[in-house]
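Below are two complexes that have chain A in common, paired first with chain B and then with chain C.
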Partner chain A sequence: MQKRKLKAWLYLLPALLFLGVFLVYPLIDVVVYSVEEGFTSVSQTYDGVGLGNYNTVLRDPDFLQALKNTVLLVAITVPLSTLLALFISLGLSSIKKLRNLFQTVYFLPYVTNTLAVGLVFMLLFDKTETTDGLINLFIRIFGGGAVDFIDGPYWAKMFVMCFYTVWVVLPFKVLILTSALASVDETYYKAARMDGTRKGRIFLRITLPMISPMIFYLVITGFIGAFKAYSDAVALFGTNLNAAGMNTLVGYVYDKLYSEGGGSPALASAAALILFAIVLTITCINLMISKKKVHY
Partner chain B sequence: MQKNSSLPSGVKTDYDRILRNAALRRRAAKAGVYTMLVIWGLIVLFPFYWMVLSSLKTQAAYDNEQTPVFFITNPAFENYVKVFSSSDIHLGRYILNTLIFTLGTTALMMAVIIPAAFAFARLEFKGKNLVFGLLLSLMMIPTELVVITNFQTITAWNMRDSFPGLILPSVTSVFYIYLLKENFAQIPDELYKAARVDGTSDFKYLMTVMIPISRPTIVTITILKVIECWNSFVWPRLITKEPDYFLISQGIQQIRESGLGRENIPGMMAAVVIVSLPLIVLFLIFRNQVMEGVSRGGTKG
Partner chain C sequence: MKIRLENLTKKFPNRDKKQGDFVIAVNNFDFEIPDGKLVGLLGPSGCGKSTTLNLISGLEEPTEGKIFFGEDDVTQIPPESRGVGLVFQNYALYPHLTVQQNIMFPLQNLRGAEKLSKDEMKRRALEAAKLVQIDTLMERKPAELSGGQQQRVAIARALVKMPKVLLLDEPLSNLDARLRLQTREEIRRIQKATKITTIFVTHDQDEAMSISDLIVVMKDGVVHQIGKPQEVYDHPTNLFVATFLGTPSINVFNARVQEEQLYIGKEAVLKTPGIADSNVIAAIRPEGFLLDREGPFTLQLDRVEVMGRDTSVVCGHEASMSDVIRAIVRTDSVVDEDKDTVRFTLIPSKVHLFDPATEEDLPFTL
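Our next item is the complex of A and B:
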């Protein structure tokens, strides 16, 4: 028996080793780093232990800009993409012809490289010396003036960022909602139709409650995902996000870790923990709301 | 309909009219739905069209376009040659690196998670539930938190700009252990007992019974991991400075910021097409597995 027990641990050993070194230890270490004041990659020593790093980060204008960008991005894209996904999935599940084709097409952004396709978006929105770009062509047709979406005003850059984010996250949401809609028991609809229930009422009283756990799941993962936005921003605005004024919280963490003059893991850790705290708080609030609103 | 037959033909009843109106309304609603779906389909497809189209324009033609041109009749393939022969970017190298990284990470992950899932699903040992519970709680840890220390660890191990440095921290996946364990656990216990009576070793049982039975799940996990690896950007970017070790995401970024993309946009688009194509093909082949796998455990955004 002793031998068999040993064998079980042997099977687990590789996984535990990897998880221990690259997941559990870093988790503890990040907290340690975050309180070591003045620690940098170059110095490898610290002046003292305290909350100084948090203080520095929270007063850093770059961090505040990143926080503002991220919060705006979350507040715009999460409701927008969830609603849009709901409409599209409802449309998808109401048709039979071409349904597979539409589903396949809608899923494409999921399997594409965010960095690569982001360059196409940059191209579509960019305004350069030689050309105004495709989107501006349309704006002109409708009588507007050309806008520089990549190097121009803040709202324009934010618009591109939100647009691209929605484009990227929608496949996942549509997929989840379509399968949620397909799993609603057909008998409910039949019973409602027998009673002559109107379509809007069927949607509000049957469909919505039945898929509400999945909508809620999407809202939670949507919040978490949007708070971690980074590569989309890099694809659109380049790696120097602070200069473009479009940095995100995750981008701030990486910039701090890996800046040219030697990174500061301490500041990066403090920023990462602040981000984690924000995400955790929002997830908890979401969970509390769901207890009241979601039908399981 | 019986009522109708008692009336003289040609006379429309109210009932007929109601039926016709309802049919019309249904058709209008259907048309509305299709319009919406087609519009979103176009929004999804257009960037792909634009990237292929732009990659087929010559650099001179592209630079001379004041207004973007939607169709071209004389596609030029010179950009595809250029991105592979250019001296300041090495797209072929980046693709090869990404292949090594993807295959290495996925294979190593499988070698790590299959035994672990087997242990959790079939073997009995003290503290199993505790360890599994702790493991599940690790699923909540965002990568952003652990990247900082991993960066220090890999630096301390002198593995910056190397394949082990790229691969090792990308191997772990708690979620896939969980997914596979659930799958293994569904295989009837009787099979295992029978095998033990026959004197089959655990390892042989795992290899000859459990893995073949769980093949769909293993295929799904493999595909999801391949997609993740192919597109990974953050970790490779942190850990590599030498273009010899760049993966495609970083290579693309390099092309855009310092390489040929600055002056030659069609060339950059050709690179984007080449980088995007493999996964699109993979997806079209394994469409059902990918979509099922993602709905069970993928997250992006």
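Our next item is the complex of A and C:
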């Protein structure tokens, strides 16, 4: 018995070692850092233990701006991209000709590099001294005034950010939802037809419940993914996100870690834990709603 | 409601164009199903049974021909307006809805003048559920029901709109052997209680024979025979019908008729008045053999299988077209298993002769 236990631990050792060193220890360390007030990375000393770091972070205008940006981004892009993906997949599953071609086209953004896409978006939307950018050209044609999307008003920048995020996350969602739709047994639709069920009702009462586990999966991963947004903002607005007013929570954590003078790991840890708390809360709410609405 | 099919034909485009442009699933069906009967569409897999059902339900459109319900031509009428209830082979119960919601689903689709109040819907759902005896399971989800119960829910859902015609696609194929027996009685009972003209599809001749008022035997999109089960069994119009009906299946021999005597091998085994001299195919039901030490028909004895209710004598013969010959005899009859041969007398009504070229029945006077 003793020998068998030893064996089990031996087999588990590699995984435990790596998880311990690279996941558990850092996690604990983050919590420890976050409560060490007045920590300086140069001398590795701190003044005392308390919630002062949280206090500082929550009062930091940069943090509040990042929080606002992130929440807006999540609130707009998650429902929008999921709905759009649903419409596109419904469209894709109702056509027969060129279906594979369209599926490939819709999937292309998924295999494209984020930074490259960000650059293309910047070129599309950017307004410089020499050019207004392609999008502004179109706005002009339809009689609007040129807007500086990259370095202009907040709503314009937010618009680009959301547009970009939706565009990037769409292909994966379309892929998941088209396969979910294809997996719904054809006889359900036949049965519904026999009963003279209208199209809208078929969609709401049959299709939607049948693919609800997949939609739920996309919403949860969508929330988590959007809360973790950072590289997209960098690709669009450059590395000085605080100056552009377009920082995200992860961006804020990053900035705090690597700001001038060795950064402030304590503040970064506090911010990271706040982000963790938000994501955890939202995921729990999602799970609670899903128990009622998702049919497995 | 009487159903009449007139020159009904359904062709599907062939996927493999080398085998022709079309597959004919249903070929020129022309028959009438009387009102209030339970009819079994019987045939081997791929014979067009389910297509026929889909045509009657309206899920498929015929290539040619017409369908009449009573005197009304319904060929162009969409499925929901035909007054047809269809039970699918896999039941197609909505897994996320309770039994009650499943049964009420068709009622909730009604609009305009037909629209029902919620209480009325519930009342009708309960009525349908009571008919199939699942009224105690109304709050369950399909996954919490047994196969037989799911089947009943599917029937209740098909019945709740009080259809004029009830169609069942392979209703028993997803059930285990014991439930199958029980459920087929149940279908018979429900049909008797509602008096709705009911058509069910099956490839199991036992099933079709046992509960149908009328069976339609099909093969390769062609109707071979229509009639009461016993009639079809006793008087098959061709070799296919004879071999398809009956378990154990009928024993088939290469034979010939000479001077109004049936010869199998060298032995004259039966008088067959009215048949001209020719080669024939002789088919003998297992129960058509009578053990008789002096009998004219000698078979090589292989083994004796005791079934309890009766005894099966397994034999061989050089002229036999099947691997083994099975004769069903009474349990009290004595077969000497040490002998190499066994002799039988044949019961004339259990012997059928067919033309070897057309495989059509050659009737002889008994």
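In the analysis below, the second predicted complex is superposed on the first by the 282 of 296 C-alpha atoms of A that agree within 3 Å, B and C clash if a C-alpha of one lies under 4 Å from a C-alpha of the other, contacts with A are read in each partner's own complex, and residues count from 1 in each chain.
Just so we're on the same page, contacts are C-beta pairs under 8 Å (C-beta built on N, C-alpha and C of every residue); 3 or more make two chains touch, one makes a residue touch a chain.
Keep in mind it's a predicted model, so treat the numbers as computed, not measured.
When both complexes are superposed on chain A, chain B and chain C fit side by side without a clash. In the superposed pair of complexes, A:291 makes contact with neither chain B nor chain C.
In the superposed model, A:188 makes contact with chain C only, not with chain B. Applying the stated contact rule after C-alpha superposition, one finds that A:3 touches neither chain B nor chain C. Touch criterion met: A:116 reaches chain B, while chain C stays clear of it. Annotation: apex chain A, arms to chain B and chain C, angle 70° (C-alpha centres, rounded to a multiple of 10).
Within the superposed three-chain model, A:131 lies in touch with chain B and out of touch with chain C [touch as defined at top]. The wider contact with chain A, measured as residues touched, comes from B rather than the other of chain B and chain C.
Remark: least CA distance from chain B to chain C after fitting both complexes onto chain A is 5 Å. Touched by chain B in one complex and by chain C in the other is not one residue of chain A. Contact residues of chain B toward chain A in the complex are 30, 33-34, 36-37, 40-41, 43-45, 47-48, 50-51, 54, 63-68, 111-113, 115-116, 118-120, 123-126, 128, 131, 135, 138, 141-142, 144-153, 155, 168-169, 171-172, 174, 177, 202, 227, 230-231, 233-234, 237-238, 248-249, 252-253, 256-257, 261, 265, 268-269, 271-272, 275-276, 279-280, 282-284, 287, 290-291, 294-295, 298-301. Residues 4-5, 7-9, 11-12, 14-16, 18-19, 21-27, 29-30, 33, 41, 81, 87-88, 91-92, 94-95, 102-117, 119-121, 123-124, 130-131, 133-134, 137, 165, 167-169, 171-173, 175-176, 179, 221-222, 224-226, 228, 230-231, 234-235, 238-239, 250, 253-254, 257-258, 265, 268-269, 272-273, 275-276, 279 of chain A are the ones that touch chain B when the two sit in their complex. Across the interface of their complex, chain A is touched by residues 57, 59, 78-81, 84-86, 88, 90, 92, 94-97, 105-106, 108-109, 161 of chain C. In the complex of the two chains, the chain A residues touching chain C come out as 185, 187-188, 190-191, 193-198, 201, 205-206, 209-210, 212, 295.
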